[in-house]
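Take a look at the structures below.
The two complexes that follow have chain A in common; it is paired with chain B in the first and with chain C in the second.
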Partner chain A sequence: MSLLIAIINGVMVGGLYGLFGLGLALAFGIMRVVNIAHGEFIVLGAYLGAALLSVMPLNIFVVVCLVAIIAFGVGWLLQFSLLNRLIGPNPVPAMIATMGLSIIIRNALVSVFGTDIRAIDLGSLQDAGITLFGVSIGILPLIIFAIAIVLFLAVGALMTRTTIGRAFRAAADDFEILETLGFDRRKVYASAMGLAIMLAAVAGLLLAVRSSFSPYSGVERLLISFEVVIIGGLGSLRGSLIAGIFLGVVQVVGLKLNPNSGPLFSHLAFLLILLVRHFDVTFLFARKKI
Partner chain B sequence: MTLLTLEKVDVFYRDLQATFGVDLSVGQGEAVAIIGANGAGKSTLLRAIIGLTPVRNGRVVLDGRDITGLRCDKIARAGVALVPEGRRLFGSLTVEENLLMGAARARPGPWTLAAVYELFPAMREVRYSLAGNLSGGQQQMVSISRALLTNPRLLLCDELSLGLAPTIINDIYTCFTRIRETGVSLILVEQDTVKARDVSDRLYCLLKGQVTLEGASSEIRMDAIKAAYFGETAA
Partner chain C sequence: MMPNRHARAALLGDYLPGVAICGALLAGLIWLPSDNRLPMEILLVFAMAQGWNLLSGYAGLLSFGHQVFIGIGAYSLFMSMNAFGLPLPLALGVAGLVTMATAAVMALFLHRMRDAYFSIGIWVMADCVRLLIGQWDWVGSSRGVMLESSKLDLTHFADMVFWLAIGLAVVVQFGVFILLRSRFGLGLMATRDNDVAAASVGIGASRSKVTALILSALICGLGGAVYYLSILYADPSGAFDLSWQIKILFIVIIGGVGTLEGPILGTALYFVLQQAFQDNGEMFLLLQGLTAIVVMVFAPQGIWGVIAQRTGLQIFPTRRRPPGPSLAARRPKPTTEDKAQAARAPAKG
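This part shows the complex of A and B:
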């Protein structure tokens, strides 16, 4: 029974991992920007939420919305003011810029918040639970998983049903032609980065409610994001979600088997998948474009 | 009335100069053909008009407004549209999504989704297919429609006939009668000189980036085209 609970918890954490990967995949798929600072933005989302909660007691949904709006603005500005000048046939300049940015954010977090490991406490909601079929599940993890799923569905709808979402996909195919149809490429890219950072920050905030974080957590989060993208594929929403859940389940079940293992088991699982891929075994989900 | 004027336009393709002091004009509602061999600078000239490639020297004037150096999306919204060489549809979007991209930033005008489906009824059957999976002829129809949906005043068509079967080329050019009825001006870049002369009002021949022949299509003789095309001294 405890294994079942571990799996359920893994699925819930995995939904957030899926969002990490989705944000990274959007930035790479649309702008060809390898965002090394992605992990730092995930952590930034957590600190932003913690800071908001320390100023005033807010509903979790309000905090999520505020962090989402701020993160979108930050991503938009980052792309519009900096990365748009660096992108081109060569992906390295933008990658180096985000690498520098990751160092800046990390050190800024250290000097503002210190190096303490912390967690976000939501009071009574933290301990509330329900019992389903004899298994007790926390209300909070359920809410978090629901938010993750809603975000996945919302991104899916955005990509297929709105002009800006179609423009994201079109820009990934052929940005020159998109410009000849009257779209300002710089703004399309800025919105895409806004969305990517928003997903990272919101998922980072929600993960912080479940587990601890410090200014140095970014590297670990970035690693998970890359693993999700590589397992799930660049263009596939479903692939990202399934890959995230897979890594989440392996990690939480691994922790159940050995509480000191940390993220070891999910990295081992990732290695296993790389090996399977290498020997050309057809995998579960096809990699199709967004 | 003149819609587009190029004055002494030099365009570079990377470090190579592609056009040398090209003067060209297109009247309101006029169809102008640009012919020339591979590498004569035809496609680069079209890219320069819509702002995808910068104009190094000279001026581009659209309806009295200097659009030299303007960003591509602004030139597009001023009423220039491009049907690019090789069609270049958004391959991971469906046919209808490709068309919607054309309509999204459109100027007001006669072209709507319904109107382009009426122009090319064959597109309706494949509207939910991925654009990348269509045949060449179908792709060309979508590419033309996508450009038309922006309701341009000037439509630039780059090598419409490239890689298509002759019957399909005829079908597509037949539709241009309908397109021209809306008053849009055309620049057609073609390698097929006979086709180019048949469908245009005036014709320019480019050779190594320079205009070697210009005149009313109905008055230009084939041997004059041949001389201008290959750079032989006119007999």
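This part shows the complex of A and C:
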């Protein structure tokens, strides 16, 4: 029974991992920017939420919205002021610059908040639960999973139904044609990075409600995000969600078996998938489509 | 074919400046400071940086996981001395072999991955190895492992480790130099610059990249082995720490990635800054991050890259020059590669 609970928890954490990967995949797919600071933005979202909650006792939904807005602005500015200068056929300059940015954010967080491991406490909501078929599930994880699914659906609708979403997809294919249609490429890219960082920060905040974090959590979150992108395929929303849930389940069940293992089991599962792909076994969810 | 007088003079001219500068730097490191500790660390970090540069600068595979080779080198040295009682020279050999074997196994996963996929793939594997070592009781799990120093000659220990570091740094610098001037090095750089064109003239891209990965791992493994030998203790969170990778990356990036002179310049700059910010570690890291961004925006080719572009200066010449009458007349002229690059550049941007 405890295994079943671990799997359910894994699915819920996995929804957030899917969002991590989705943000990274957007930046990579549209701008070809490999954002090494993605993990730090995930952690930054958590610290921002914790700081807002400590200043005034807001509703968690209000905090999520505030963090989303701030994160969008940060991502927009990052792309517009810095990364737009570095993009091109060679992905290395942007990778190294975002690596530098990750070092800056990490150490700035250390000097502002210290190295303590923290968690966000939501009081009564934290412990509330319902019992379904003899399995007790927390209300909060359910809400978080629901938010993750809603965000996935919202990004899907944005990509297919709105002008800016179509511009994102067009920019991924051929930005020159996009510019002939009157779009400013730099602003399209800036909005896409804003969306990517927004997803990272919101998912990071929601994860912080479920598990603890420190300024050094960024690396682990980044690696998880990349694993989601590589397993789930670039440009596939469903792939990201399934890969996120897969890694979430593996990690939570792994932690159940060995509490000290950290992200070891999800890393091993990822490497196993790489090895299987190496021998050209087609995976159900590994089809590539942009 | 016998090398003629010009060729011999050119060969001498190619090696002389590098030998002279390295000799002068080494003399400074040996005689100027009163204590050997810092010079030893400088030499080892330099060697590791040059090892990373071989893979990331010359093979074009940006690695974020080289800390794994440093840790594996240290641990295999410690375990072969502690558990199997090997003497130090043999244990160093084992450390080298184990690191190379690790890199070969990792290459199985990595050899089809390009660009960012390679960078992250090797990073995930490095993290995996760190976590596994932290779980493994035989190597002391998360407590780490002490080197049993009973078999070591502790009277001359500091000097011996220092000379090991000097030996490694010199062998790495000139070994990589000779390697890059060879047929293999030419193929490696050709693959980095244009893999399709390189493949069309019969260069095995995959094989030369895997070789570069294994050699690069060997250098970092030996560097890690000698470094942790000097402090007699290694633990997973230190030996497999990402900060090793950040340090090496910073040095090569700021000095000039894909140049043999860059890591020398970068190492010097890194340690000058480190000494200046001795009391403020966070500020030093913030500064490193900021420098990485500034260098990428304004001079992605690094300090030596800018110097070489402006002056055509090469202390360790790895580019092939067309044969000509005299050394002096040839040197200032831009090479064909420079011209070709200049012609290509505007079209790309």
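Definition applied: the second predicted complex is superposed on the first by the 285 of 290 C-alpha atoms of A that agree within 3 Å, B and C clash if a C-alpha of one lies under 4 Å from a C-alpha of the other, contacts with A are read in each partner's own complex, and residues count from 1 in each chain.
Here is the rule we use: a contact is a pair of C-beta atoms (placed from the backbone, for glycine too) under 8 Å apart; a residue touches a chain by one contact, two chains touch by 3 or more.
Remember, it's a predicted structure, so these values are computed and weren't measured experimentally.
In the superposition on chain A, A:G156 makes contact with neither chain B nor chain C. When both complexes are overlaid on chain A, the residue A:V110 reaches chain C alone and has no touch with chain B.
Look at A:M99: by the touch rule set out above, it reaches chain C but stays clear of chain B. When chain B and chain C are set side by side, the one touching more residues of chain A is C.
Of the two partner chains placed around the shared chain by superposition, chain B is the only one that A:G182 touches, whereas chain C remains out of contact. Listing the residues of chain C that touch chain A in their complex gives 62, 64, 108-109, 112, 115-117, 119-121, 123-125, 127-128, 131-132, 134-135, 142, 242, 246, 249, 253, 282, 285-286, 288-293, 296-297, 300, 348-349. Residues 160, 163, 166-167, 169-170, 172-174, 176-185, 235, 288-290 of chain A are the ones touching chain B in the complex. For chain A in complex with chain C, the touching residues are 28, 34, 36, 82, 85-86, 88-89, 91-97, 99-104, 106-108, 110-111, 219-220, 223, 226-227, 230, 258, 260-264, 267-268, 270-271, 274-275, 278. Taken in their complex, chain B has these residues touching chain A: 50-52, 71-73, 76-77, 81-82, 84, 88, 90-93, 97-98, 100-102, 104-106, 146-147, 150.
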